[in-house]
Every structure is written in C-alpha cells, then in structure tokens.
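Reading through the structure tokens given below for one structure.
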Amino acid sequence: MPDPIFSAAVSFLSYFGIFSILSLSLNLEYGFGGQPNFGKVAFYATGAFVAGVVASRLMPLIAGIAPLDPFSPEGTMQRVAITQSNPYAALLTFLIALLLAALISGAFGYLVSYPAIRIREEWFLAMVLLVTGEILRVVVRSYPPIVNGYNGVLIPNPFRWLGDADQVSLAYMVLILVIALGVYIYINKLVNSPFGRLLKSMRDDQIAATSLGKDLVKVRGQVLILGSALAGLAGVLYAYYSGYVNPDDFIPIRTFDVWVMVVLGGIANNRGVLLGAAIMTAIDRGTQILAIQLQTFGGIAELNYLRYIIVGILMLAILMFRQKGILPEKPVKTPAYEVVKVE
Amino acid sequence: MSEILKLEGVVKCYESLRAVDGVTLSIKEGTVTGLIGPNGSGKSTLFNVISGLDRADEGKIWFRGIRIDNLPPHKIFSLGLVKSFQDPRLFLGMTVLDNLLVPPKGQIGENPLNAPIHSRWRAQEISLAKKSSDLLSRLLLKGLHKTLSAEISGGQMKLLEMGRTLMADPKMLLLDEPTAGVAPKLARDIFERLLALREEFNLTLFIIEHRLEVLFDYVEYVYVMHRGKVLAEGKPEEILENKVVAEVYLGG
Amino acid sequence: MFDWLLGSVLRSILIGSIYTLMALGLTLTLGVVRLPNFAHAELITIGAYVAVLSSLISSDISFALILAFVITALVAFSCHRVVYRPLSNRGATMYTLVLASFALGLVLRYIILLWASPTGYLQVRPLIPQQVVGLIGTTVILNVFLWSLPTAFILVLLLHLLLSRTKIGKMMRSVANNITLAQITGINVGKIQDISWLLAGGLAGVAGALWAILYYASPYVGWFALLSVFAAVVLGGLTSFSGTIAGGFIVGLSENLVMDVLNRSFGVEFTYKPVIPFAIIILVLLVRPKGLVGLLSKTRIVSRVPSRVEV
C-alpha cells in the first residue's frame, strides 16, 4: 500500500522539475530574447518521441539482445525485462536519449525558425510555431513506424532495476531535480553575461540592436537552438516519467501552460519563472489528485476541466493586473557593476 | 586628407516616391560635415541607406574604400560606421550601464558557448566597464548606471544614445539631429562635446541638423538636400549666400 | 463511378462557404482591432450550441441563425469590452493580446465542456428535421444544404455592401488603414471597434450554427475549425475581403476534394487531413507571404501586408 502523501509529493516534485526546465527555456527565448515561441510543445514532443524511439529500438541492441517487434506485447516485455535486470543498458539508453533529444530538438528549432525569423509581421512567427507543433503531432499519431501512432509506446523507467516501485520513482525524481537544477544554474550563468545583454537588446529594440552591430538572425537562431534543445530534454524526462510516449499528450495547450508559468512568475526573472512553474504544478497536480480522489467516491469527472478554466483566468488576471509577473526583472549581473560602483 | 565615405548615384524608392534620388557625395576623413534640407527631403532616408538599415535601389557606397551598399547593418557597423537615431532608440528594459555595454565589438561573452564560463570574458568586461564609467561621467550620467534607461530624462536619453555610439570605437558617426528637442543652450553644449570627442577619438562626423545657426558654427562643409537630390554643397558661408538654398528654406 | 466526386465537390462547397463566414469575422478583428483572435474558435462553438438550444424551442432554421448571430455578437462584444479593450488601453503588445485571446478561448471552451459533459451535450445535433429534397446522381441533397449556401452568400454580400457603400464601412476601412489618422479625422474609433466586434462575433455565430445544423455541435468544433480558418485568412492575404473568400473555398476544397483524391489515388489516410491547412499556412508564408492579394480584385479592409525584414 503506497503512501498517498509520498506519491503525491514525488509526483509534484517530478512535474515541477520538468515544468521548470520548460519554462526556463521559454524564458530564455521570450523573457530575455523576445522570441514568441508559441510552438514550445513541438520541441518538448520531439524529446519524448526521441525517447520513445531510442528506448524501443536501441535498448535491446545495447543490452546485446535481438530486438523483438518494439510495439508488440513481447517487445514491451523485453524492454521491461532489460530495465529490471540490466542497469547499465537502462541508464545508458536514457543518457543517449537525453543527448539525442537535445541535438535533434535543437536542430529542429533552428530549422523551423529559419524561414519564420525573417518575417516582420509579429504574429506570423507565433502562428508558424503553433502550426508546427500540430503538424508534428498529427503526423506522428498518423504514422505508426515512429512511436506506434496514436497507440503510443511504453518505455520503462531507467531505474526499474531498483525493484521497489517507491524507490524507482524517488530515484527518478531526484534525477529530474538534479537535471533541472543544472539547467537553472546554466541559464543563470548564460544570461548574466554579455550574451544576456545581447538578448535583451534584441528584445527591446531590434532596429537599434542591428544598427549597433548585432547580427540578429544569428542570435535568434542561437536562442531558438538552445531553448528547443532544453525543451527536448524536458520531453525525454516527461516520457520516462509517464512511462508512455503518446503523441496526443502534446496538444497546443501544453505550450500555453508553459507561457502561463513564465508570464505569471516574472518575465526575464529565472527565480520568478521557477515560482510560476511551482504554482502551475500545484494547480495541475492538485486538480488531478482531487479528481482521482473524487472519482473513486463516484464523484465528478469534470474537475479536470476546472484546471483549464483556473489556468486561463490566472493568465488573464496576470496580463490585466500585473504584466511584469510576480517577481520583476533584474539587470544583467556582470562584474561591470562592481567596477562602476568603485570609481 | 583621404576620403572616408563616398556615395555615387544613390537612389531609394518607396513605391512611387523617390525619397533619395541620385545622391553623389564624398566626405573627407576627420571632417565635420552637415546635412540640411527641408522636412521630407530625404536626409534620414539617406542615413538609413548608408548605415544599411534600408537598402539602396541604385548606386554605390564606399566606406574607407570598401563597397558597403550590399552589406547588412551589422557588417557596416563593424567597419566603424555608426548611426545614431533621431528619437533615441534606447533599450528601455535595460539599465543605463547595460545600454552602454551592448555596442562594443568583439565581446567574447556574446558567444553563447563562452557566456556561461565567466572567467573567459571577465577581464574584457572589466575594461569595458572602466571605459563606460569614464564616459558616464563625461556625459553627466554619473550615478545613474543602475537606473533603467526608460526612467531618465529626455536630454539624458540623447546623451546616452551618443555615448552608446562612442562605446563602439567608431571611425565615423552619422548623427541624425543630435539636438532635436533640446534647449538651445544645451544644443551648443552638445556640439562642443561632440567636437571635443572628435579630437580625442579622431572621428569623422556627418550630422543632420535643423538648427542652422548652431550647425554652421561648427561644421566645415555642408550638403543641402531637396526632394531627394543634392541641391547645393559648399562651405557654410557659401551655403548662406546661395540664393537657391534660401528660396527652398523660405519658400517651403 | 465518379459519384464520390460529386459528393466531394458538394461537401467542399458547403464547408468552404462556412469557412468563409468564419474567416471574414477573423479578418475583421485582424484588420480593425489588429488582433489575431484565437478565441474566435469559441465564438463559433457558441453559435453551434445556440443552434442546438434554439431548436428546443423552434425547429425553424432562420430562427436558429438569427439567434446565433445576436447571442454570439453580444459575447464577442463583451470579450472586447471586458478583456481586449482594457488591455489595449494599457499598451499591451501583440503577444500579450494573442496570449489573452488564447486564455479567453480556453476559459470559454472549458466552461462549455463543464456544462456539456454532465448534461449529455458533448456531441449533439439540433432538433431540426433533415429532409431529402433531391438527388444528384446518388448524392443526397438535404434541406439543410439549401440553407447554408444562400445564407453564406447573402451574408458575404451584405458585408461587402456595408464595407463599400455605407459610411460605417468606410470608417471601418479607414480605422483599419491608419488608426491615428482615423482618430485625427474625427472618427470615433471606439465605436467602430465595437461594431467590428459585433459583426465578427455574429458571423462566427452564424457559421457555427450552420455547422451544427449540417453536422453537429461539440465543445471543440470551433477549435478544430480554427486552424483551417486561419489558413483561409493567411491564404487570403490576412485582411483582403475577396482574398479571404477565395481562401475559405480553397481550404474547403483542399480538405475535402483534394483529400478525397489523395486518399483514392495515393492511399493517403484521412488521419492526415488536419495537416492540409497547416501545410497551406507554411507554404503561403514561404512562397508568397502576401497570400492571394494582388491576384484578385482590390477590395481591402486594410492595406497592411506582411513584408520581409531587411535586417
């Protein structure tokens, strides 16, 4: 009998880690660089699909076993057996999935943004990115050879060899949080630098930044590669967390959720964004757990819908009454301030 | 003195309007040159074309002997040709100091691969900060470095905009109305400072200005534009005596 | 042998005419208010449900359509007054408005779900009897078919007359062209925006009602149609009147006739159908960002076209 508080806490922290990576990456793109990535879900999904492909095709090879049909029940059983008995193959596969997802999502981010970043009409870029996410989802759900179409594919947790289910989820949660912390430290270092200044100058005035010698086409490409690669990481983490890669998880509302975290917590404030991610996780998990609890008592299935209404109203409220978010932006922190202060 | 900027038959059209209509001019290194003309005569458009923000439809432009009419703005900037804007275009979400630290060329930490490793660019950052600190006090912006650039006064914005162009080690500045909206006394002050900076940094200045009475005291040569064409050119005293120029200004 | 072709063409035209109505509303808000309104989807859904609910009172189609127009127009107007206008007054950027419209759409959609799910209204048809009024080959012609095309046609014609012949239409066009200039010349911009929202909502409502009468109403109808509608608008050049009409029919044809041909000749499965409008959007963007503008006549709501950045 698993402790409900323990599993709720593990689920909360796991989701918080994943949402943090997603929202920090959008903050890099939009908060600092001013690029409206309305297709965040496309790169998140790419990460999950890469995880699905790598886990279902590559893992048997790494374990040195002849692979079975990856989408058959036998194939699924084979994967489970490997992760239960072979920590090396399970973890190596996971690591490869992370690296490949970052690479492929990053490259995809660059490719998609390539034509769009040259268009002036602002919402066109938003539109193209949104559309890209939906094309990806529809194609992957319609084309079985990738992750078995809309049936999806099961991928077992890389810590399954630990045996005890609580220990598995706990170990995986720690892994997610460590990676999320790494991403947080990395992004903080990345933006408190001349690169961060460059991003903000692009966000504040593109024409001035161009005439001051900044190659903005290059910078946009760079920031979308980085943001998309990080979203790809989050996608892998999510796929292994849920144990199941399903194209229909990656609907446009996922993108919107990430926007809520960024706008709510504080645009161009990484700590604020973590706060936004925490609030969003609380709403997401809270309504989920409540819905399940109520359902077991023959209650209301519609509670899930309430989640979206709450999130939507929260977004409207913050846009209308506190546009800067909960925590406001701070100056780019570099040694320059110490120098100027001393003199 | 050698020639730093040369234009030959430059044309820029907006649909049916020929905003710049065959401009040919040449500017010598280290000089201060004025560009005057009635509103809508194509002065600002010409500056945009020279700096690469707008592309010329016809004609050729050379800067220090290099053809620049096909180059993107950031390449032209890196050759040392820097333009300021008529209305200051500051980075309003950034502090005064951060505004000054954006333009310097070749910043190691602007590469996202170097940016997270602070030791790689720390030394460069500190030397740039010293330079900005010096500039801040000379532009009367001392003590405002932590203030958001959106929160300083209009005159301070003008000065900051000028300081931003200087941070880039320019060879030549294109200044679009550096004294617009500034009190007459301060206008002279700005020109004095500009000339002092020219001496120090060995700058070439090309200035659009409406206040002829101020401009003519400081420039060595003047071009007059009218309806996209160069109407007249010469030393200030020659321009003042030119009847056609007087007619354009008085008549319309 | 080619019976499917006739049915396919008929379906293309029916859906194309509904897309056109939806797209014209979107074009109005895009032109006059400069907002790519993602909540347009939910206006369509509301229109569809108004048709369902009105059929409980009367099975008269014209009653359903008029009611859908009025109620949806009022909903659109309230959205403008409660959300968009206060946001614009505070100097919101385009992205902020897009986010707000997405949020508003989400709230409306899930409120509808919250109501429709427990009451059994998740996928319903209005209680309007469908009668076979004729046959073309083996293709059945239903009475409801005869409603949608003329309704769409009349509404498009009325909108065209309004924009080109009336004082209000002229004012709408000048607000769309240059809002500052319009203000200087003494046009009451607020009033013109109010009217545009009423019209945009009304058109979306009628389109939704027609959809429900032909097919069904569900909380997702608007959302599913929205990307096709955006494709029609982008194809039409964003704010061109005739371009949008052509765009609506082209998207309708591509999703039905072209899809049927692809399916029969090349075995492309119908699950790929949603890719078609996306492909149109991306293709237009890459090949001809102006859309159909310039290929057709010049009745425009606004003269703004997307251009390439010169940086």
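Which chain is which? They are A, B and C, in the order written, and residues in each are numbered from 1.
Definition applied: a contact is a pair of C-beta atoms (placed from the backbone, for glycine too) under 8 Å apart; a residue touches a chain by one contact, two chains touch by 3 or more.
Keep in mind that what you see is a predicted model, and the values were worked out from it rather than measured.
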Find me the chain with the mean Cα position closest to the mean of all the protein Cα atoms on display. A
Most remote chain w.r.t. Subunit C, using mean C-alpha positions, is B
Using mean CA coordinates as chain centres, what's the gap between subunit A and subunit C in Å? 33
Roughly how far is subunit A from subunit B, centre to centre by C-alpha average, rounded to an integer in Å? 44
In whole angstrom, what separates the CA-based centres of subunit B and subunit C? 48
Could you check subunit B for residues that touch two or more other chains and list them? 53, 72-73
Among the residues of subunit C, pick out those that touch two or more other chains and give their numbers. 311
Considering subunit A alone, which of its residues make contact with at least two other chains? 207, 210, 216
Enumerate the contact residues on subunit A facing subunit B in the complex. 186, 189-191, 193-198, 200-201, 203-205, 207-216, 222-223, 226, 268, 329, 331-332, 334-337, 339-340, 343
For the subunit B and subunit A complex, residues of the former touching the latter: 51-53, 72-74, 77-78, 82-83, 85, 89-95, 97-98, 101-103, 105, 107-112, 114-118, 121-122, 125-126, 128-130, 132-133, 136, 145-146, 164-165, 168
In their shared complex, subunit A is touched by residues of subunit C numbered 36, 83, 86-87, 90, 92, 94-96, 98-100, 102-104, 106-107, 109-111, 113-114, 117-118, 227, 230, 234, 238, 269, 271-272, 274-275, 278-279, 281-282, 285-286, 289, 306-309, 311
Residue ranges of subunit A in contact with subunit C within the complex: 30, 36, 38, 115-116, 118-124, 126-128, 131-132, 134-135, 138-139, 141-142, 206-207, 210, 216-217, 253, 256, 259, 263, 300-302, 305-306, 308-309, 311-313, 315-316, 319-320, 323
